[in-house]
Each structure stands twice: as C-alpha cells, then as structure tokens.
Amino acid sequence: MDAFRNKLDGKLAALLFFEPSTRTHESFRVAALNLGMDICGFADPKASSVAKGESLMDTVKMFVGYGVDVIIMRHGKAGAVRYIAERVNIPVINAGDDSNEHPTQALLDTYTIHEAFGKIDGLKVGMIGDLRYGRTVPSLAYALSNFDVEMHFIAPPALMLREHVRMFLEERGADFHEHDVSSLSSILPELDVLYVTRIQKERIPDEMEYEKVRRSYTVTRELLKNAKESLIVMHPLPRVDEIRSEVDGTKHALYFRQASNGMYVRMALLYSILKEG
Amino acid sequence: MDAFRNKLDGKLAALLFFEPSTRTHESFRVAALNLGMDICGFADPKASSVAKGESLMDTVKMFVGYGVDVIIMRHGKAGAVRYIAERVNIPVINAGDDSNEHPTQALLDTYTIHEAFGKIDGLKVGMIGDLRYGRTVPSLAYALSNFDVEMHFIAPPALMLREHVRMFLEERGADFHEHDVSSLSSILPELDVLYVTRIQKERIPDEMEYEKVRRSYTVTRELLKNAKESLIVMHPLPRVDEIRSEVDGTKHALYFRQASNGMYVRMALLYSILKEG
Amino acid sequence: MDAFRNKLDGKLAALLFFEPSTRTHESFRVAALNLGMDICGFADPKASSVAKGESLMDTVKMFVGYGVDVIIMRHGKAGAVRYIAERVNIPVINAGDDSNEHPTQALLDTYTIHEAFGKIDGLKVGMIGDLRYGRTVPSLAYALSNFDVEMHFIAPPALMLREHVRMFLEERGADFHEHDVSSLSSILPELDVLYVTRIQKERIPDEMEYEKVRRSYTVTRELLKNAKESLIVMHPLPRVDEIRSEVDGTKHALYFRQASNGMYVRMALLYSILKEG
C-alpha cells in the first residue's frame, strides 16, 4: 500500500452522505487519506443546508465550486447519484442510492471472490436475505452477470428480486435461479459462495412481517456442516443476527476480510479515476 | 492557488460552529486545507460540551489551550463572537452571529461585485428579501458604505432594515433608499446588482406571515427582461425558491460564481491573518 | 512540541466515540494531528452503524480491517473498552467508559500536579463533588495510590466513593479519608490540591436530589481565603457552577492549564505507544 501513499497528494474529495453510513464512509475516508487526499463534506444530512430547504443540485454545485476533484455520494433517493453525475463535470462515485445500487460494494465483493478462488467463472453463488430492498445483491448480480456464474437467489417471497433486476439478468442471459428461503439447506451443499444480507428493518413498514422474515434464515455452524469445505460466507455488513458470531471463527467466514478489502478496492478506484495522465 | 498551497503548513484552525452551516463551514475547511492547515472543532453544537452546560468562554478557552492559531466561529447569539474576540489572544473570525453580522460573506460579495465590474464605485445595488432577520445584507451594506454606491433596500415592511442598521448608514452618509417589495419591477431597470436573500423561516414565528412574504418576490426570466444587459444577480445561498432555477442559465446569474469565490476569499483572509512576518 | 511534529506521519488513529465528548475527543484529535497522524472514526454514535443494530465488536473489527494503528474509544458501558482491548491486536486507549475509568485524564491530572509542585509525594489532595458517578476521581485515586499522598474524599453521602474503589485503595494501603461535603471549609486549609468535579445531572435520575447536591458545594474566592497560598484548584472540566468564574483569575486556578496539558500528555502517550522501535 505504501507504493500508493500520497500518490494523490493535494487532491480533494467531497464525501456527501445524505444518509448516514459508517462502513462505506470510513473506508472511503481512509482510502482517500492513504492516498494523501484532503476531505470535505458531511456524514450526516442534518448538518447540511438541505435542512434549510436547499436543492440537492445547489448543494453539489457548491462543492464543485470549491474545487473538489471527486464527489463520493450516498443518497436516500434511487437515481439521485446518477442525476448529479450527469450534471457535473467531475467524477461522481455512487456510495449507495437507497435500494437501487451500491457499485463499489459490488467491486469489493467480486474482488473478494476472485481473491478466494483465483477465478470467478464456473462458481455457484447463492445470495440470501433481503433481495428486494437491499442494494448490494442487485449490484453484485449485475457484476457477476459479466462472468460465467450460476446464481441462486434465496429469499422469502416478500423479499425476492424486483422485476427490473430479473429482467436485466434475463437480457444478459445470466444463469440464475430463485428459491424460497426454506430451501436454503438443500441448496447449500452445491454453493461455492453464500452471500448473506441483512433484513433492513427500515425497509419493512410492518413490524410483524419484519419479525417473521428476520427469523426465516440464520447461518449457524450447524447449517454449515452440509457445505463444501471451500464454501465462503460473505456479508456486506453490518449484520444483525443473520450470521451467528459462532461462525466467525470458521474457515468459511470471509466477511471481515471482505470489509477490509473495501478500503483497498476504494483506494484503487480513486487512484484509477484521479491519477494524472 | 497552488502558489498558496501549504503556505500555512502546521497551523491549526478551530472551526467552532455552534449553529450548523454547510456553505460557510465547508468553504473555510477547504480554504484551511488548501493552505496546509490542520482543523479541529465541531460543525454541530449537539456534539459539544455545551450540551453538558459548559459556558461558551470555557469551551473556547479549551481550544486556545490546545494551541489553535485561529478560531472561526458561528454562534446563534448576536455579539457572541465579538465577546470571545475581546477575551482571547488569537485571531477570531466571525462566521455569522445570528441576525447580526456575516463579515466574510460581505468580503466575498464585494469581491464578486468588483470582479464583475472592475470597480464598485458608481454602481446601483438593490438588496431584496429578508433585510431584518438576515445577516448578509447588513454586513454587505456596511461594506458598500465605504464606496460611492447607491443602495436600494427592497422588502416587505415586516422585513425592512432594523433601525440600528439604518442609523449606521445615515451616520456614514451612505446614499440609500427603501422600497416596498411591490416596486421591485419598477426599480429593477436601474440596477447593476440585484442581491437576493432567502426568507429564513426559522426567523418568522408566524406560519401565515411566512407564507405571505415568501411569495411576495421571486426572480424569474420574465422579470429579468426589464433588467440591464449587465445586471448581475447575487444570492448568499442557500436559496429556497426566491430565484427560479430557470435563471441559473442566464448571463445575469452570478450566485454560484459568488459561492465559489467564498473559498478563495477565505483562503486569502486566513493567509493574510496568519502568514509569518 | 515541534520536535515531535509529524513523528507519526502516516499512522492512522480511529477515534471511536460512542458517547459524545468535546474536550477528550478534540485533545486527542489535535494531539494526533500534531504528530502527523491521519484520523478516522466518529464523534457521535448516531452516525454509526450501531444505529443499524451492529455489535460493538463488528464495528471495531471494521476499523481494524482498514489498517488503523490505534483505537481511541469512549463508550457508555463500563468495561466496554477493556472488552475490546482484549480482543484486538492493536493498542486501544480508554477515553472514558461510563462511570468506570478515564485513565488519560488521570495521566494529565498527575502531570499537572507534578508540574505545579515538582513532586507528588507528600502532598495532601482533596477530591470533591460527584465521587460515585464521576469517572475521573477513581482514575486519579488509582494513579495517586502509587505515591505517598494523603487523599481526602469530600462528597454528599449519596455521591461518596463506590465500594470497589474504596476496597482497591485499602488493598493498596493508600492513606485516604472520607468527609461529608459540609466539612469542606474545615479541611481546605490543609490541602495542597483541591480537585473539583461536576455533578453529572445525567447520572442522578431524581431531579430534586440533583438540585440539592449541586448546591451543596461551590468554590468561591471567599472560600479560598482560608486556603494555603500554594493551593491549586483543579477540575476535569466541563464545569457548570461548581467553581465560580471569579476564581479563574486567582493564582489557585489551574484547571485551564490542566485542560491544555491534556493535549500534550495525549501526544506523549500516542508517541510512546506508536513510535518505531
């Protein structure tokens, strides 16, 4: 990493997080600092002019006017980041826009899979949990559709893929299958990767439905007895209780490595975007 | 700007924002970072010891004790910044104290006017909106009273200049006139500068009165048809809907340039205050 | 201090403040910046993944994964910092864990006493205020138990030392005495150091009891007339009204010097922990 230290000395990144985030915000911050960049922006919308009724575009124009070299933006409205990216003349990185996309998460997820297997082609990848309101699974599925991967989407019916994601995968000719969450144990033995996601309580208005679905799958040591030796368990984190902490010590658990990779992948992304020439 | 990069390397600025702000806080932050300064302080009073009942003076003394070279302070009480400036032995910059003053805004406003016309003397400057509770117009008027400028204050009666501002301008022998907001269109053709300000909802307790006044003036392309070719429209931002976005594309719109100038003017201010010798 | 500037260039500190703090957070931040360190983390738990139900351990593991060199942590649960320190392979500094401990405060307090007297042995130190819910007095008492010091604990019965602190001092063979707050004036003349602490309203559920105890002691110029010439009055700050501001100007008042020492002591601590070889 020292090879890249201060390679972007004097460049300025604006972290505009209109929704709070620890992991993504901090990994981008550390990545930028390691590259010698300066940082401005906010991690919390309540501290922003938005509270005074300013439009998103005006807020962003302000930072562009201050001479920032890149905007790293999270927003609570799907499509908001693309809207901005199409209207400013500097790079804009999507750090998550509601339940739509989280492309840098997909980058670190695919990097982590490749790091573990030395390849991506030929793998069987199961994705379980909240596939409807979560943004990481659609982004990962888009990325994996560039490879020869067999995808298995496992979720309660209420949380299965949205139609436009399914359509995109069909158009790409992706090899994917959908299963009810109850069939996890029967599918597990085939899988090389189990990608677990959190039920985002804030996405499910009904308290009862939330309680029902959150209990519908939990990854335990017991469950993993039927898995391949080489299975890796991934999670974008934060987790609540989808993966028991008893699993952390097993050879399958790769989610902390995955999180750590996020900072390095984001360093690489910033460097590839901003390096001179 | 590179000529000034890191000119203040190792100097430390305390940004003490007892009221939230995006624009002023971020432009000071970027200005300080561009000069190579380190930064401490808070952008949000809720994260400060004030919440534990500490006095303002004790909080400031703490930062002075940590060896900061300059204090940049916003506070919700008029006069609070002067109170501190008179009691510490390091420079204190007023980043806005309630409805009292916003001197660095006046600096960037006058710089922007001079940049546009190559002069300030001889211009006719209209200031419209909330002239009573807003702090930018009094500060700009104080600054312009140093020049041969014809000032026109345009506001609903409830939001016209406070008496002490009017008295100051009279004492300075400033050439100024007050008009009801209804006469905007008749005055506009004479103006070289139209300085628009936001109605600060938080300043007007009565909801009905707020709704009435906020609709009493809006800058549109239609309105600007009667303006001089060379008219510049300024706004301290954030705006809500005082200036329609349709105006952004016109040659009159200078408010984003104005905001951008803020960072450079604040760099110049910090450098002039803190440079050695 | 310049001798140490940038001595830790490129090292990264994570400031994980699960409870808000101005003084401790800012003094660690300035200390780290003066040493050339980069900083990540949060000053406010509401901006952290904890709000999404993430476990403390997972949050900390994330920062470790990003390559931080040291964790500086404040937490609202007693023992939480030790819990983490025993589970990660990098240094963890306790920046205060509820009413349990605040060891870096004890370091700067003992440094300040030594700076004032050129020694610690042989002094008589009175500690008054909230000795039960406050964390600074137990930590200072533990530190002073390494010296030949006569300790006097002065508090209303409801706020006297907790049993485990008393037991620790007895085991150490410390020379300490407990007095009701009413006897402050009679003990004062003997003291070399009067260490005053704030009644932490948030620690006393009952409003009436809070009002009663907070008025039970106040340090005034009048009170100090009976003190030794050389008495020093200390306070961890923030204060509410335990020490009248009229005392600030007296030769006894050392609490601002004490706060200022905090930044330097924390610089020394970070350097001693992280310096190479």
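As written, the chain order gives the labels A, B and C, with residue 1 at the start of each chain.
Throughout what follows, contacts are C-beta pairs under 8 Å (C-beta built on N, C-alpha and C of every residue); 3 or more make two chains touch, one makes a residue touch a chain.
This structure is a prediction, so every number in the text was calculated from the model and none was measured.
Under the stated contact rule, the graph of chain-to-chain touches is complete, every pair of chains being in contact.
For the self-contact between chain B and chain C, the two sides draw on mostly distinct residue numbers; the shared fraction is below half.
If you lay the C-alpha trace of chain A over that of chain C, the rotation comes to 120 degrees, to the nearest 5.
Spacing of chain B relative to chain C, judged by their CA centroids, is 40 angstrom. Chain C has residues 44 in contact with two or more other chains.
On chain A, the positions that touch chain C within their shared complex are 1, 5, 20-23, 26-27, 29-30, 33-34, 43-44, 198, 201, 237-240, 245, 256-257, 259-260, 263. Interface residues of chain C facing chain A in the complex, by the touch rule stated above, are 10, 12, 38, 40-42, 44, 46-49, 51-55, 57-59, 61-63, 65-68.
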